[in-house]
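Same chain, two partners: chain A is paired with chain B first, then with chain C.
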Partner chain A sequence: MSESLSSEAPQASLWKDAFRTMRRRPDVILAALILLFVATMAVFPTLFTDKDPTRCIGRDARQRPDTWFRGEHPLGTDGFGCDFAATIVHGTRPTIALAVTVIVFSILIGLTLGILSGYYGGWVDAIISRALDVFIVIPLMMGAILLLSLFRGRGSSGGLLETVGPPALALTLFGWMEFCRYTRAVSIETKNLDYVTAARCLGAKDRRIMFRHVLPNAVVPVTAVVPTTLGSIIVAESALAVLGVGVQPPATSWGVLLAKGTEWAGGGYIYLFGLPLVLLILTVFAFATIGDALRDALDPKLR
Partner chain B sequence: MGRYVIRRLLQGLLTLFITLFLLHYLMALSVQIRGNPALLFFGGERTPDPAMLAQVERLYGLDDACYDRTGDPCLAPFVERMQNYARGDFGTTLTGNQDVGELLAIWIPNTLRLFIFATITLVTLSMILGTWAARHHGRFVDHSVRGTTILIDSVPVFLVLLAYVYIIAVPLTNWARGIWGDESFMGQLFRPSYSADYPWVTIIIPGIIVGTVGLATLTRLVRASQLENLGSDYVRTAKAKGLKRMRITVVHVVRNSMIPIVTGVGYTFAYMLSGAVLTEGVMGIPGMGRMIFQAVQRQETNLVIVGLTASAVVVITVTMIVDLLYAALDPRIRYE
Partner chain C sequence: MAQTLRVVGDTLPGADMNAPLLEVEDLQVEFAVRGSRIPAVRGATFAVEQGQTLAIVGESGSGKSVTSQAVMGILDSPPGHITGGEVRLHGVDLLQQDAETRRTVRANHIGMVFQDALSALNPLWSVGFQIGELFRMHRGTSRKDAKLKAIELLDLVGIPDAKNRVGQYPHQFSGGMRQRVMIAMALALDPEVLIADEPTTALDVTVQAQIMRLLRQIQEDRDMGLILITHDLGVVADVADEVAVMYAGRIMEQAGIHQIFERPANPYTKALLKAIPRVDTLGQELEVISGLPPNPGALPGGCSFHPRCWAAEDKCSIEDPPYETVATGHRSRCHFAEEVYRDER
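Up next is the complex of A and B:
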């Protein structure tokens, strides 16, 4: 089996192999479709609804979605008469934007600090390792709650940055450690390998060695944890919103919808809670499935 | 070994000290930027008499001038705080004026009980599921175990709790009490909220629910490390000797795959406190998570610092125990 594969693709790289293995799994394809759907919703909300989520008519409040996916309000209206389908669709962008921002900045911070501490060692390593310890000791949710409550501003109804900024900042500050640990371990492992020594003998500068020779080794372990982390950021955002310290209400996100939905669910308007919940679980599930498959595909031990 | 332990202890103490200082600085910044919590004493909107305000600030230890200068790290109050902590005096709460040390004696055991049940659930479930999946590697059981654990992990734990408390708990309690009676173990087990009269029984269910956090990760870890062992030479030898499958699984595979699992459990333990915030809030358990959240909301500087430091101590200790357990589990690992 493995022989026929390797003769088929003599030039196969780790990434190509991984992609080929992933493509064959039905669960991965399903997850990719879900993510594609969610991403489209975040980027082009107008494809899914022509209503404005901020245009609310009190007269139409609390219409149950009796005519599913058809009629004036395909998913009914919420407690203030806003079209619920439009609210969900427009709430997707902040949620996804937050998750992507947090992951991008966490990876950047983690990679930079990890490679600095792993490559230079000595007192740089000592300082960064202590910082790592300090941030690991304070759990993510606690840290985020602490920062967000201590420096809570007024409720913002402004642009995307103003809405998503504070929770994104808090989650990034307590989310970079995993990436830093992986990169540090990889750097320590590879900095004394023969090809790195060879590069140094040829007169390569520290910066070149770090980014051209050491850092590429960290890409695989870091990529393998990215999808799962994205899922957990979405969950953390919703938890913060339910606690009332995340994205602040005039703006929407899935977490805010869930937080509002819990108040209505008991009174028979379970769709206000159920629909965002289903969307959230599906997305997190899709991220986790892809993450799981990606780790397998990128792990040479499990081949 | 002894030197290693001492070095780790010193490192832990340093981490703890930095954490304390960082928390102190954060809280000082918050007082400087957001306004003095002593104002809360007068009930929010009213502007109190300056002399009275000064009195209350002195009462709460917020009278130092540094609290008026934004960005000042407030070193003098920090040193004072450290001296008080070193003497075992953890101060009092702003609302109710209770002794924090006494309160901790109530909160910490509750949270620990929660963690014990959560850890037991997590370890048992993931060991059984992971072993099962590894034995049926690549077949239907393997795929369904993975799919199910990922799905369970995808549902945010606080939503499971809300669903349990509002939908399942009351009918289940009524059913159990109808059969076994009010005061029995089963009658108390499914209660939708914590009861101080039954501190162990009423924490079991929330513990089990918290224990499902990280199930997919740990099951995955168990499965992967067992697969590695299943393919190893000593397992082949054991098979060739004609040992029973059960014996091979328990003695040769499970025992040798404990190392990554111990690490996994150690790290989930550190994350459990995050889960504890919402769990304790929903179930009304007077524990560390709920109290820290409330303290943060009320700007109770002292309570926040003490609470988070206590959790930091737990995390540092657990990580150290995990590292020491390596040596016990794998005789090849030696600490110099």
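Up next is the complex of A and C:
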């Protein structure tokens, strides 16, 4: 999405300006630090823990982290005796990979279909809109469970693609509709603007109009939806994990931890549920802040 | 400025360089609204030659903008439909061409300037980028050269300090400067015909005069055909060579600028001229044309102007007046054109 924005020469300064504006906001700096932290966890989990998250010892189960950040298990252990810090840290990569994959592909599908249907209208719009209706009517959970049951029983060797692929596919397939709807609305609105007519008068092709005039207008509503979608993807993934069709063990993710944590949350082990939740909230907050600031910074009228 | 060399044959197959630059003949446009078809343009005929300025004057709803949209090929369809007539560029009927040919015609032969330059420029891109993009997409110019061309054009249309303003955004320009940017964009690909649809309506009076002067000067320098669409006869006087007066989708009168102002041959034109405020009638009440323009869905029978006409007789409500020549290059649509022309009515 930002590809088309950044591909042109004068925009180099646009992005530079945007960066300069954003650098001055403390909330943006905080959000950037959170994202940096999460990203580092995802890429280099061993920096944060030297424990193996799959090495679980039953008699060590449910050790409260009474001595925070010290001792054998800095964040205690979970219900199966696995080191909780290691589980969280190693669960970051699948979580982020899943969320980013789903978001990127949802946006790609949603933007493409939304722009095509909004811009061309007529039968193109009719087909895409009806497909949209069908996908909106199918409940996410039901669709995802049905689809994922096809992948069940297939042994996982633990590779990232194999771990994340099936749930990402399911969540993308039933998650692109919101982006499509927003983009379609923006396209319909934009294609009748004077500057689009002016561009047509200057001999612009349809493709040029879509990329240059319609797409940039879709950036604002789409960036507004991304952070909340990100949160709901992780929550949906957690629900899939409860049902046993999400990220498959031995791999773990924040969603899996949330799901497992609920079992113990009432029994005085609130941290098993609370820590992944706090991480999730912080990540969504960081994305929302940066998305918001980016939108402001990119709007030439607010500069 | 040096005379520009235009290559027409490449982009417009079948072009006959001896044929008139742009001819519109018996153009008919209808709008399909709630099952019925409303006529917006009912047989417009006019021509623009190289180096000539034609002004199309008319009230709101007289069909002047629809005519220009039909010529450009940007009519919203549906609801608009061209139901008859021809639009010929160098003898090639554009209405018979496919969408791709029409697009290249828009890119290379006919340019357009809009009324509201702010909304006709994309607020997200700098003006230099928007102008330069035209060179990049149609001429394959490199990014650096495109920027230089943009600066050159901004300079041409009289934007001071073009070098620094090329990177600014449309909202950073004043109304008049914005219209200059719009003109620069329309000129970028060196069109043979420029259509200016009420280019000064959104501007204040002093700026209006500057923009009109600029258009006139560019038209002369580049030897373009200029179609100026306006509702302001005063604007027309300094600039146009030829004037076509439209009313209810028809051309009521067409003549050279001097003939129109000095010897109008149509009661409508005469009434319009009387309604222009003048210094020697200062303090007096302005003449008005009573009534309203007709609803195009329910046009009066006979001559469409007869309910508001001071010269109307019984005949006018029954019979459609023919479009007749009253003098060389002077045509009028009125049963009494001759008498009005001789000032006997």
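The criterion applied here is as follows: the second predicted complex is superposed on the first by the 194 of 303 C-alpha atoms of A that agree within 3 Å, B and C clash if a C-alpha of one lies under 4 Å from a C-alpha of the other, contacts with A are read in each partner's own complex, and residues count from 1 in each chain.
As a working rule, contacts are C-beta pairs under 8 Å (C-beta built on N, C-alpha and C of every residue); 3 or more make two chains touch, one makes a residue touch a chain.
Not measured: the values here are computed from a predicted model.
Asks: In the superposed arrangement, does A:S238 touch chain B (first), chain C (second), both or neither?
Replies: A:S238 sits against chain B, while chain C stays out of touch.
Asks: Any idea whether chain B or chain C touches more of chain A?
Replies: B
Asks: Touching A:A32 in the superposition: chain B (first), chain C (second), both, neither?
Replies: So A:A32 meets neither chain B nor chain C here.
Asks: I'd like to know which partner A:V100 touches here: chain B for first, chain C for second, both or neither.
Replies: neither
Asks: For A:L193 in the superposed arrangement: first (chain B), second (chain C), both or neither?
Replies: In the superposition, A:L193 touches chain C alone.
Asks: Answer with first, second, both or neither: which of chain B and chain C does A:D133 touch in the superposed model?
Replies: first
Asks: Is A:G203 contacted by the first partner chain B, the second partner chain C, both or neither?
Replies: second
Asks: May I ask you to decide whether A:T289 touches chain B, chain C, both, or neither, giving the answer as first, second, both or neither?
Replies: A:T289 sits against chain B, while chain C stays out of touch.
Asks: Using the superposition on chain A as set up above, list the residues of chain A that contact both chain B and chain C.
Replies: Touching chain B in the first complex and chain C in the second, residues 301 of chain A appear in both lists.
Asks: Tell me, which parts of chain A touch chain C in their complex?
Replies: 8-11, 13, 193-195, 197-205, 208, 212-213, 216-217, 300-301
Asks: Could you list, by residue number, the parts of chain A that touch chain B in their complex?
Replies: The contact residues of chain A facing chain B are 27, 130, 133-134, 136-142, 145-147, 149-152, 228, 231, 235, 238-239, 242-243, 258, 262, 266, 277, 280-281, 284-285, 288-289, 292, 295, 299, 301-302.
Asks: Contact residues on chain B for chain A in the complex?
Replies: Checking each residue of chain B against chain A gives 11, 14-16, 18-19, 22, 26-27, 29-30, 33-34, 143, 146-147, 150-151, 153-156, 158-159, 162, 166, 216-217, 220, 224, 227-228, 270-271, 273-275, 277-278, 281, 292-293, 296-297, 299, 304, 308, 311-312, 315-316.
Asks: Inside the complex, what are the residues of chain C that reach chain A?
Replies: So the residues of chain C in touch with chain A come to 72, 74, 103-108, 111-112, 114, 116, 119-126, 128-129, 133-134, 137-138, 143, 147, 167, 169, 171, 182, 185-186, 188-189.
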